[in-house]
Amino acid sequence: MILHTINKSPQNPALKTCLRVAAKDSAILLIEDGVYAALPGPDLEALLQHKVYALAPDIKARGLLEKLSPQITLVDYSGFVALVEQYDTVQSWY
Amino acid sequence: MKFSLAIYGAPCSSQAPDTAYYFAKAALASGHDIYRLFFYMDGVQNASRLATPPQDEQNIPARWSELIKAHNIDAVVCIAAALRRGVLDKSEADRYEKDANNLADGFNLSGLGQLIDAGIESDRLITFGC
Amino acid sequence: MSETKSFLVLNRHAPYASNFAKEALDVALMSAVFNQKTSLLFMDDGVFQLVRSQDPSEIQHKNCSQTLPMLEMYEVRHIYVDEISLNERGLSEEDLVIPAQRVNAQEISQLLTRQHVILNF
Amino acid sequence: MSETKSFLVLNRHAPYASNFAKEALDVALMSAVFNQKTSLLFMDDGVFQLVRSQDPSEIQHKNCSQTLPMLEMYEVRHIYVDEISLNERGLSEEDLVIPAQRVNAQEISQLLTRQHVILNF
Amino acid sequence: MILHTINKSPQNPALKTCLRVAAKDSAILLIEDGVYAALPGPDLEALLQHKVYALAPDIKARGLLEKLSPQITLVDYSGFVALVEQYDTVQSWY
Amino acid sequence: MKFSLAIYGAPCSSQAPDTAYYFAKAALASGHDIYRLFFYMDGVQNASRLATPPQDEQNIPARWSELIKAHNIDAVVCIAAALRRGVLDKSEADRYEKDANNLADGFNLSGLGQLIDAGIESDRLITFGC
């Protein structure tokens, strides 16, 4: 099982391409500008077909804490580490 | 677990140096080992000791140097990527007859094989892209 | 200085992942210091620079949005935001940390045409 | 070396504007030198790395596409290209400088899952 | 009148946003990865509503010489300089 | 005409240093003047004399130095951007007690005001983005 990280905003193809090829059992972790995918947008529904995490320090930095979809789980850096441990491989979309 | 981190972004133009640093600290705090930090592409700029940011900004190379020394981490800067981008240690500066060097404490210049070795020897290799 | 020109600082990148926001704002303030007619336009991911409630303390960055009110201190009053970029991101005026005039494509087109110098970030 | 692993080098960036193509290829070749099971996948703008008839002499860059045949010399035979990325760019097999196996989304998903290590460029 | 330069491939929003706001009398010069906009694609028709130039050295580097739409005019670096001279302002989309 | 060029990309991660260089050469060949080259953001890496690319790749800082000297061009590197990213001349290295410097020949560190001045004094200011 794969952990996908996305660090680019949805205006970059990273999100769309990830959603196209990510297996159903893989998780997606939004980091850096990737956290903007947590805002309402055309890809949000497809994103939420997966287990989705977002890095809290990056969500807070960008002022998105109150705009976050409730289906997205916030993690801190320790949570990021735990996810990397839990999944077999990390695929970084950037 | 043994983690290795591949870092491809430069301070100021990428958040990769931040995310990788906080990840490394959290991994160590959780009892994991860092097998290797590998700085490639523009990530080699993480290893310039000449970086002189204003007082209210982080000095990213200095912060890495401290972490590397405190935890005795193997921190490799890809030598080919570094030479192209002007990050040199004393021995490379001498070899290419450059009159200065700028590699920060704790980092080592070495070959790309160290990235593959990190992939082989670590339980997880995580790319921090630019 | 030989004359006064109109300078537009055009911001199209999100804050924090890179220094774009910070270094663009420095340019806008410098243009004002030089007494040039200075405008800012935020488009594409650049509109994220204007979002309220930014708190980058946990990533130990400076809060870019807290520097934006300096524009008023330097008497930079022409601050525009692309309404399509806002809409696409589900953002409205209440989400913004400083007042910015919403402009449509035609107004942006005219704004660009009026400039002597466009500085892109 | 303690074991053999499967390495995938994933290329998503166009050549020339940055060193991505060049530095990714160096990684793929090094993985082969270390006798690891090495695959390459080209997606998004990365498929442009494979386009025939590249001639960067006027911008004084090295021709990235001329280095691709080295993959065969190093016995790297698993070269994949995302068919959607090709189609979106109006490219077909005849446009490519080396043979690459077209893969669809599901095949890419399986390819990713089979890897021990994914190296992203 | 404005000369717009675009140095990013069409997967970046630069092209779309430029086309949305470029006045009819402005010209567009494709440089670096911007030259990929000369390939068939959803934005090509809108692009060709403008006078469009492409930097020949970048077209050649990327192997696009034979794929170029005939409505796009090739220029070398001297042609780039002449365009900058001819138009009042340069707007760089990147 | 008087042209100024603002260059924001680093060698190796951006084609801006190439395009700007060939543009500058073509402008001079067409009889125009270059009022100023202004290196900002990651573009400050154009001014590192420690860059040591392989023989078959261009040495971009060295190429700029030659052009700057041959045509007596004013080449300004934004001092704040350069300090952050580890590009220093002797005087800044001394000021911040750094033991080395790396600014290439022909480039000068100066303030951001030089970019605005270039916009005022030139007929055209062209941004070469990263």
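We call the chains A, B, C, D, E and F, going by the order they appear; numbering starts again at 1 in every chain.
Criterion: a contact is a pair of C-beta atoms (placed from the backbone, for glycine too) under 8 Å apart; a residue touches a chain by one contact, two chains touch by 3 or more.
Bear in mind the structure is a predicted one, so any value in this text is a computation, not a measurement.
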- Note on the structure: Via touching chains, chain C connects to chain D in a minimum step count of 2
- Using each chain's Cα centroid, which is most distant from the centroid of chain D? C
- Please work out the Cα centroid separation of chain A and chain B, and write it as a whole number of Å. 25
- Message: Suppose each chain is reduced to the average of its Cα coordinates; what separation in Å results between chain A and chain E?
- Response: 34
- Message: Can you list every residue of chain D that touches 2 or more other chains, as numbers and ranges?
- Response: 16-17, 19, 44-45, 59, 61, 116-118, 120
- Two or more other chains are touched by the chain A residues 7, 11, 13, 32-33, 57-58, 89-90, 92-94
- Note on the structure: Touching two or more other chains in chain F are residues 12-13, 15, 22, 41, 57, 80-81, 84, 125, 127, 129-130
- Inside the complex, what are the residues of chain F that reach chain C? 6, 40-41, 80-81, 84, 111-113, 115-117, 119-121, 125, 127, 129
- Within the complex, chain D is touched by chain A residues 1-2, 13-14, 17, 20-23, 89-94
- Item | chain E-touching residues of chain F, taken from the complex the two chains share | 1, 3, 8, 15-16, 19, 22-23, 25-27, 29-30, 32, 124-130
- Contact footprint of chain D on chain E as seen in their complex: 7, 9, 11, 32-33, 36, 39-41, 56-58, 60-67
- Once bound in the complex, which stretches of chain C touch chain A? 14-17, 44-45, 48, 51-59, 61, 65, 88-90
